[in-house]
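In what follows, a structure is listed as structure tokens, so that the remarks can point back to it.
Each chain gets a letter, A, B, C, D, E and F, in the order it is written, and its residues are counted from 1.
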């Protein structure tokens, strides 16, 4: 921490410039917490598949290493697929948070069961696997989708919000969800509207907006002096690597 | 929030005055976060059994209601049995956190599996049940104990710390823990020493000190505009209650 | 046992006089088994929330201790929230049974999966947690409710029974239940009507009426010389307790 | 029930005459409960393998049908492999209990986790499967064995009891068992000695003797008017069957 | 293996001659793999209950022993109840495969979750138990049935296929299945039609036809030099057996 | 299939030439099955971390696409981390198998529980996650390691084999494994020696050598007309991708 301020870096694992505005992130700053931003240099335009998760990972790792070198205190990966979460934790010691893993744990603290409301049906298996690995398989009520691609979410924001509310109601009434979490970071900023829409229908459940929540939790971990386990995420052994010139591992790692 | 400050109230669910010092809690304040304290008026001297959890609950509920009326933003219950966590969430709308539930979710975010290092063997079933209900049964590596009663932990603090380190090493090497969490809030302040002791043995795992962590997470939830689900924890219906004059439910609850 | 008779005490953890009639309990006596009854002195009028479970516990503990001193052979707690089950087991050595835990195990012996048909939707999380802690999470098909408060169940008994049958049919046909259990001891006596109603629709599943079943099982445990584990439920250590004059722990506990 | 008496039939699924003495079973009778006995006509000398479970099943089914025709109220199968439990439940409507399934549910009611102490290591997978199907996989602490074949258990009963106590201690201290259950009905009658041996070592846990317990539970079910679900265990359709002349299904089954 | 050819024996555990045609099995032969067939001599006409599973087991064991003696390399049991799977593995060393267990593992390799489409609703519990014991309880989306008895499946094959497609669509759309497996080996040969029917509705999921798949997997195991574990399935001890003259265990087993 | 031959391609996801010899793979060919080989062009020298898994994935995807274009019938990824398994399944329709997922399912078919014997302790969490996602968390007895880096396994092959046997014995005797699977494809060819070593100690369990097994299973799937579910692994949507010139997705994918 510089002075008594926690600096959180949000890394967007896509190459689409302007998808995430710095102003929106700056609006999330709170006393003692600043937020900065980076996008990756190689990878996909958006992430809606396991393939895109795979090709977003190397660029994300590079940006996480860069963030630690720049003195940042914690990193939040800006995608609900949590790309490169485990791999980038190995190459740094500052906390790296995935919004899916973080949001699922937060939702589990707040309600009996939670549902994920995401963009496309095809992401269902991926979210169920994330929940299962997080140990939260029994807390996941369902994964529902509005069937709008990531890059079209903002095209008609009212339609997007209406679709979110509709799926959220079904998640609560049919699937037994008692808390909700957005399944795409492109939905950032919609939580208020969705919660209001649900309250109008008499449904009073928390709606977790993953990026703001992950930023707050990241700062909380830094304040508590906590980071991920180096027994779970030890530094990778030094060895030859072809084709990823932008990934520069710490020399100390080479010595181990 | 008053101004832009989050006020967190720590409620110690025991009647032993001075067990928790306000100074120790004040030392946990960070920019934008203040901490206050309360003890219960009726209940046990310390909590080491299900019986003591039961008789600490009504007094704790009274103090949680009082905290919300006093304008506090969030409450942290100061016992790893999370007494009155579910019941007190029903009677207020501000976030109420149990350090066991919170700490287990945080430990699960940081490492593959975690162990709880607690005071007495008799608490094992209780911690396993807490983990299971939190959905984290598969993340709990083991529950280990130093076999020192709560009120004697500070009698010989060096012995306590040495015993904690010893059990922590076994938890990692034999049980497969990759993160640790203290199983008694009376151990607050020992995390640094235990982490150092483990590092000396080449074991680099996070050691979650539940109260400081729960305070940070509570503030993070308030900053994110989140509280527990009112679908999971709806206000209790208004009805006759004998024998608990100190519990004054909101009149609005009576109207529902 | 006095002579060769097992004496089972039913403890109703509410203050509403006459909610449970002694005559109804006496009708459950069988050769070699007598049944007695007690109500608590402090606590709620009925139990429909975690809050009411919490404030019913101390009074229930007092009555369980009193039952053991009176020479009773086993206690059945008269509420499907199983209030004070774990805590009161610590303070006595005679078997203490909760109808929810007992009924769920019995239902699991009889059919592949079971559903709980209870009074209010708000109890769903509580029953799911009870099943999970009992180890029976995978056997619970669903928790369904008739949406009638406890103290109104007998106002229109025909309507109550019809609602029970309706939810039971859905539990079987939609949720996959192959056995049923009432989720409120206020429904005692309705099992025959519900089972008949289901048979008329061609559904032949057992309907567990929790209090009669728990009384029979309690007597069976006494006949088998079994009680709860003192390793799981050891006597609480002797220490100061404020505010519960009606709870008088055994002196022997103070000596341990 | 004849008069007000419950008649329980114990069916030993082996051909070894005298393995189970009627006198030992008669000693288990209690007010209102009588016990009778049958052995099978075709099958193995003892059961220590999946193969022997398979060849004991048809003969067991025949004896269960015979018991129902004789007016018996409930059947207990006398082997911890629960042979023919599911199949024989299909062909009768009176309760049929397996001592393994029953004993595991009873042990789970009494303590946090239980271990099975059985005769041979080769039975471990079978017991783990039984627990898993009963929904109790998370309650099973371990399966331990004394490595004495079934038909030699009584050759040196002191040695058998000593071996049981030794494994029981390990189950409690190393595996975390807080209740115990014998894994062979040939051990009937040893529970008192094992419990005493454990108490001498300061271990106070219930020791479930499966046959006496299953008889008591069977009578409790009859008293409660309960039997297994006919949705889970419907009568088999009428059809040709070669080679099992001793199995005579009810004519009513042929009509369905 | 004779020469370099793997010989797989399909054992149909029913007495209905011609239910399984050798020609259909011969059509499944591939380079280096031959298929032979046997039916049992004692047992049921078809298998639609736990009772029929029990009475098909001894005859199946006899035929598995016979197959090993005849020099066959692997056995596939021709029923989705996997009768005698565990018991017959004890008495031989060549691989014995059950199509249910095998098909469920294959389906789990291919898709996120699978459903079983079977003949009768009454088989649901049995399939759920099979999945649970295989460790695949969380991968099973649902068990659905067309409500056509085994011996009537071929009476109107178009109706059977249409019913299969209808249930398959529901399994995918409502239950979340992403792979399918037939729940009766009497449906052999319908996979192509069902897959085509699903593709016409835009559903592209694998349809596992259990017997052809189990034959291929059996040959793959033989090629890999693998068979079932003799620690899990040790030879049964030699002892007296009444009533099963057709089961001739290896003399070597008697010597152990 | 060309003619009636199944062509399986093994893709080694590392850049170390000669680590995998074509001759060793050719030795695994069987009647009707040919095996070919490819190494990746960009990525790590070996894989011993989540970081190396991430940087091996894009190159692996490129080689899987290339294999399908070359008319290969199935692909086996040559690393027990199953890198790019899910992502490469999205971009092709031929079966792609990971040896870890495949080997775990095969081991589960053969024995009650299995252990993974791998190279380094740091891989434990990864294997536990793989088992959990495969649905096999309850079948995994333990993950043990010989503490020899991948590229040093062949330096002293006798020492490697001795270490494997030693850990295997502990896995069986202490952890309850009843089947074994190597946790590194660099151990290919050691199964015979390990099985012999175990037999000498009286332990008769299958030892799964993952690459030969995965090749056989891949061929079996092709013979059965099966591939992975396109509902679980749909083609990724067409969109911009920077920095992976070697990955050429099918034009048809761009049109969707």
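Note that in this section contacts are C-beta pairs under 8 Å (C-beta built on N, C-alpha and C of every residue); 3 or more make two chains touch, one makes a residue touch a chain.
Quick caveat: nothing in here was measured; it's all calculated off a predicted structure.
**Q** On the document's contact criterion, could you list the chains that touch chain C and likewise touch chain F?
**A** Chains in contact with chain C as well as chain F: A, B, D, E.
**Q** Considering only mean CA positions as chain centres, point out the chain farthest from chain C.
**A** Max centre-to-centre separation from chain C belongs to F.
**Q** Provide the C-alpha centroid distance between chain D and chain E, rounded to the nearest whole angstrom.
**A** Centre separation, chain D to chain E: 29 Å.
**Q** Report the inter-chain centroid distance for chain A and chain C in whole angstrom, where each centroid is the mean of the CA atoms.
**A** Centres of chain A and chain C (C-alpha means) sit 44 Å apart.
**Q** Which positions in chain A touch two or more other chains at once?
**A** Touching at least two other chains: 112, 125, 129, 132, 137-138, 178, 232.
**Q** Can you work out from the touch definition every pair of chains that touches here?
**A** A-B, A-C, A-E, A-F, B-C, B-D, B-F, C-D, C-E, D-E, D-F, E-F
**Q** What residues of chain D sit close enough to touch chain B in their complex?
**A** Result: residues 112-113, 138, 176, 178 of chain D touch chain B.
**Q** For the complex, give me every residue of chain C touching chain B.
**A** Chain C residues touching chain B: 15, 41-46, 48-55, 57-59, 61, 84, 86-91, 122, 125, 129, 132-133, 149, 232-234, 236-237, 239-244, 247.
**Q** Hey, which residues of chain E end up touching chain C in the complex?
**A** Touch residues, chain E against chain C: 124-125, 128, 132, 137.
**Q** Can you list the residues on chain A that touch chain B in the complex?
**A** For this pair, the touching residues of chain A are 4-5, 30-32, 95, 97, 101-102, 105-106, 108-112, 134-139, 172, 178-179, 191, 203-206, 208-209, 212-213, 216-217, 219-221, 223-232.
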